[in-house]
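Below, subunit A partners subunit B and then partners subunit C, in two separate complexes.
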Partner chain A sequence: MAHGAAHSAGAEEGTVQLHPKAPTIRLVIVGLMILGLIFAPWFAYPIFVMKLMCFALFASAFNLLLGYTGLLSFGHAAFFGGAAYFTAHAAKVWGFTPELALLIGMTGAALIGLVIGLIALRRTGIYFTMITLALSQMFFFFCLQSPFTHGEDGIQSVPRGHLFGVIDLGPTMNMYYFVFAVVMLGLLVIWRFVNSPFGMILKSIRENENRAISLGYSVVSYKLGAFVMSAALAGLAGGLKSLVFQSATLTDVSWQMSGEVVLMTLLGGIATLTGPFFGAGIVVTLQNYLATSSFPVTILTGLVFMVCVLIFRRGLIGEFYASKLGQKLGYRTET
Partner chain B sequence: MIFGIPIQALMGQLLLGLINGSFYALLSLGLAVIFGLLRVINFAHGAQYMLGAFAALLLLQSGGISYWVALALSPLIVGIVAAFVERTMLARLYKLDHLYGLLFTFGLALVIEGTFRYFFGASGKPYPAPAALTGVVNLGFMVLPIYRGWVVVASLVICLSVWALIEKTRLGATLRAATENPVLVQNFGINVPLLLTLTYALGAGLAAIAGVLAAPVYQVSPLMGTQIIIVVFAVVVVGGMGSIMGAIVTGYLLGIAEGLTKVFYPEASNIVIFVIMAIVLILRPAGLFGKDV
Partner chain C sequence: MTYATPQADGPRVVLSARGLGKDFAGFTAVNNVNLDLHHAQIHALIGPNGAGKTTVFNLLTKFLQPTRGEITLLGQDITKMKPDRVARMGMVRSFQISAVFPHLTVLENLRVALQRPNGLATQFWKPLSSLETLDPRADELIAELGLSPWRDRRAADLSYGRKRVLEIATTLALDPQVLLLDEPMAGMGREDVAMVADIIRNVAKTRAVLMVEHNLSVVADICHHVTVLQRGEIIAEGDYATVSQDARVRTAYMGVEA
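Right, the complex of A and B next:
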């Protein structure tokens, strides 16, 4: 999927001289972004930034699959929302500490990912997408009817608890830096994963599946590995969100949520590491802004989708990478 | 009594299943026709089904236009709108990965549904069945509402006509040839882009007919499309999109399976089609009628 966009980007390569200090500048940009997040609660509403970070992690986990493996899942809400329920249940009913509750959520999401992945990976391409959508909708109905999710009400007033039984996460600032640390850790894992030998094999599968098979790689196992990994990280994001907002509801498992994460990734830039972060930022900001107006979010979401697909397929960061400045700084769209 | 279930109830649910199956068949047929030629999974199919129902409702409310006229007019309107969308936007995506077509039509579905929800609210509105089709007939073993019988017959006739159009006519032969090798067909002097536009309009029109047929059975609501489209996706996965007849047969079969589940294990009735899909994928990944994986 990233294939087509990446190719047209490649046409401009070679015409631009690489800036001599490009790697340093790139490092500084990343450092500035991290600093920005550390000081963000002084400038922005902390709950809003926490929400943004949760969705950024969610979109990055999704991008691991779409951008780096070439698999479009339309069922990631099952992992995000499922983990939100498991984490909320573990924290509220079992009284687990937040880090253990998150671990429960992640494990649950990984298990659902394993089951859905095993079934959906029987097919490829467009069928894979439809199967993930159908199976996540099945999970939605399970959540609707299962008693532990409390149906339409969802799980409410989930305690944030004490981190390791010591640090109270009730105060907003404590929660903020906990979320910050977890999200950064999650992104670091994704970065390491993408640049590992495993990630390289995934990219080779994305580029030419048949050749990867002929080289002796068990392609389905690698795809399944990426799928479960993506599900677990999406689950981490969902669990975190349920602790931030102290609730888990049906919205988190609905197909609209699966669509939103696709949009965030597409808007930010498929197969870029920071793209999903920006995509999530734009979508969450727009939703917050429109929540107070009477204009329906759905229409705008749909319009942005259509425009992105028609004329903005590289996404925000993808366009920057492909621009003269991006080339000069040595950014490359992942190919 | 069969397995402790009164025969009346069993028949009633079977009929309901057959009705649902009629809509699944019509919709998955449209999806298969579009996918066959355009290689696009039309996510907006549910929205077009909803548009069909709404067109009938609005025609009735504003112009007093009857059900029978709406049955012809509403697919025409939806077909023209679809043709416009295909020509101006969708056609630019054919040379890209198929996933972009899915994402574009997903956005389109959101826009259509969001707009209708904004103007008409989320609640369903009743559409009266035409006078000629109201009332019931007693078949002895069950009481059959005439309109429901009409839906089953009408959808069967439409499905078989489309099948015959594609498999038995010269136009259908051209269509199938264009599916196999569009460049070659173009070289024979046939306007393939026009063929693509007409195919998309035909598929959308089929969805709209299903919508008009559904209007008196279910209520007309902006949300009726998404509720059904995900199930239809599962139907399409089970049937495999390689065969037109496969799509039709699978639609009816899964509708009946859903109806039967409502009798024996109602809790599972809204997931049974997904469960069947999972089982089929494990046993026969290409689908019941599919050739390609």
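Right, the complex of A and C next:
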């Protein structure tokens, strides 16, 4: 992905002195971010922050593939939107409690991921990307026609229900901290996944697939594992969103949604753990502010994307990691 | 996986190809290649540019599927096998363009190579620190190949020669029975060439090595057996002295009448 680019940067990086308390500072930064989210509902509109967190989880799940495995999927809306439908259906029609409904959504997304992955991973590069797009479009039309999704109307007034049958998620604050907990759990899972023996093999596949094969790794199986995991977590994000907004609609399975998550991840910085969070923040904020104006939001996000690709290609957090300060704090750039 | 290792008198054959051929859309890249690799011997595959050396490599390691012929590795027919399976059986290759994982450190490169043989590749729930059990062996290899000063540097930051050495280190980490090196010395400085030649000579004491190489003095120096390829076919075989006297080889290699 970036064989030559790193070469010139290499010599300089060695000269930056690591700050003696770098690990502590890195921990403090993460701690401050988490504190910020805990107290966010006092300063910002809670529904907005919840939406942001759902998309942050979605983008982080996507980053698992793009950033850490080197696979560009253009069909992640199928998992996000599909799980939104499954969760909404389970909560509304079957009367499941929210945690079970989310589990149904995740399982459904993982299964779709398994099917799409098995087919698409037979190819690499742009062909892989195109197949994921084609298959997710097939899923879109399935959702359009299928009776349980209610077509253009979507599934409306989904009950948030009682967590474990006890805690009422109706009040905004209860829902907020439920979303917060689930998203944090999801990010924790991604963090562990990336920093694990399995994650190491994924990175090696991203770096040099043929070499990984020649070391005896059946790379398709590893990619499939990452694909299904990414689909399941994208599904968790989608299911969560359907509970927050109490609806599941065609927007979430459309190809534009697949594009948005690519944008969020690139903006924030691929192969960084916090990057997708910030990327999602920028995109969701832009959409929110422009929703009331007549200015078409897609033009602005398109412009932002162009600026990102031209000027800071590593993304917001990626550029920070690569900067002198980032190096000093011991952050590692992987792209 | 374990394989019976019969103790024959002469050097035993570990890899053999019979009638190997590959066509690309009507163009015959490799035709009727017979090759035997012996344990503890270095075998060179030489020939002018476009002779099909790398194609033979890709066929032997199953990165390409042969159109004709069959390949036997350690007594097993591998003609139809997948490349990762062949690697797990003990035949590991290197690539013409240095094949390291650029954004991983030297140590991490070696860990990746060691993970699978040590059953530490699929655990997605374990922390990275679980890989520290591989470090003693990794450090041993790093020291053996003189890479210790760069242990925690990213592979991308290494010089070209050291990248190739790192690649050999990761290959050796798998303790392969058969080692296929595609131009291991291409683009190296003179000291590096001598170092890598020593390394290869050393590792070949306990395994079979097949190498594609343009540096003929190295071939003359360390290889027991030479096969010359031209336009996809073998034109000469034998030790270096024999091959270098062959009129067809001289014409093919040095141009007209060398």
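The rule is simple: the second predicted complex is superposed on the first by the 322 of 335 C-alpha atoms of A that agree within 3 Å, B and C clash if a C-alpha of one lies under 4 Å from a C-alpha of the other, contacts with A are read in each partner's own complex, and residues count from 1 in each chain.
The criterion applied here is as follows: a residue touches a chain if its C-beta (ideal position, glycine included) is under 8 Å from a C-beta of that chain, and two chains touch if they have at least 3 such contacts.
This one's a predicted model, so the numbers in the text were calculated from it and none came from an experiment.
Visitor: Under the stated touch criterion, which partner chain does A:M306 make contact with: subunit B (first), subunit C (second), both, or neither?
Guide: First partner only.
Visitor: Classify the contacts of A:L135 with the two partner chains as first (subunit B alone), second (subunit C alone), both, or neither.
Guide: Only subunit B is touched by A:L135; subunit C is not.
Visitor: Check the residue A:G216 against both partner chains and state whether it touches subunit B (first), subunit C (second), both, or neither.
Guide: Touch partner of A:G216: subunit C, not subunit B.
Visitor: With both complexes overlaid on chain A, does A:R26 touch subunit B (first), subunit C (second), both or neither?
Guide: In the superposition, A:R26 contacts neither subunit B nor subunit C.
Visitor: Based on the superposed arrangement, let me know which partner A:M229 touches: subunit B (first), subunit C (second), both, or neither?
Guide: Second partner only, subunit C.
Visitor: Looking at the overlay, what does A:F193 touch: subunit B (first), subunit C (second), both, or neither?
Guide: second
Visitor: Taking the superposition on A as described, I'd like to know which of subunit B and subunit C A:R123 touches: first, second, both or neither.
Guide: First partner only.
Visitor: Between subunit B (first) and subunit C (second), which, if any, makes contact with A:H150: first, second, both or neither?
Guide: Once the two structures are laid over each other on A, A:H150 reaches no partner at all.
Visitor: Where on subunit A do the contacts from subunit B and from subunit C line up?
Guide: In subunit A, residues 3 are touched by subunit B and also by subunit C.
Visitor: What residues on subunit A touch subunit C, complex-wise?
Guide: The contact residues of subunit A facing subunit C are 2-3, 6-7, 10-11, 13-14, 192-193, 195-201, 203-204, 207-208, 210-219, 225, 229, 333-335.
Visitor: Contact residues on subunit A for subunit B in the complex?
Guide: So the residues of subunit A in touch with subunit B come to 1, 3-4, 72, 119-120, 122-127, 129-131, 133-135, 137-138, 141-142, 145, 255, 259, 262, 266, 296-299, 301-306, 308-310, 313.
Visitor: Across the complex, what residues on subunit B touch subunit A?
Guide: That would be residues 35, 41, 89, 92-93, 96-100, 102-104, 106-115, 117-118, 226, 230-231, 233-234, 236-237, 267, 270-271, 274-275, 277-278, 281-282, 285, 293 of subunit B.
Visitor: Within their complex, state which residues of subunit C touch subunit A.
Guide: Against subunit A, the touching part of subunit C is residues 61, 63, 82-85, 87-88, 92-95, 99-104, 108, 111-113, 115-117, 120-128, 130-131, 153-154, 156-157, 170, 174.
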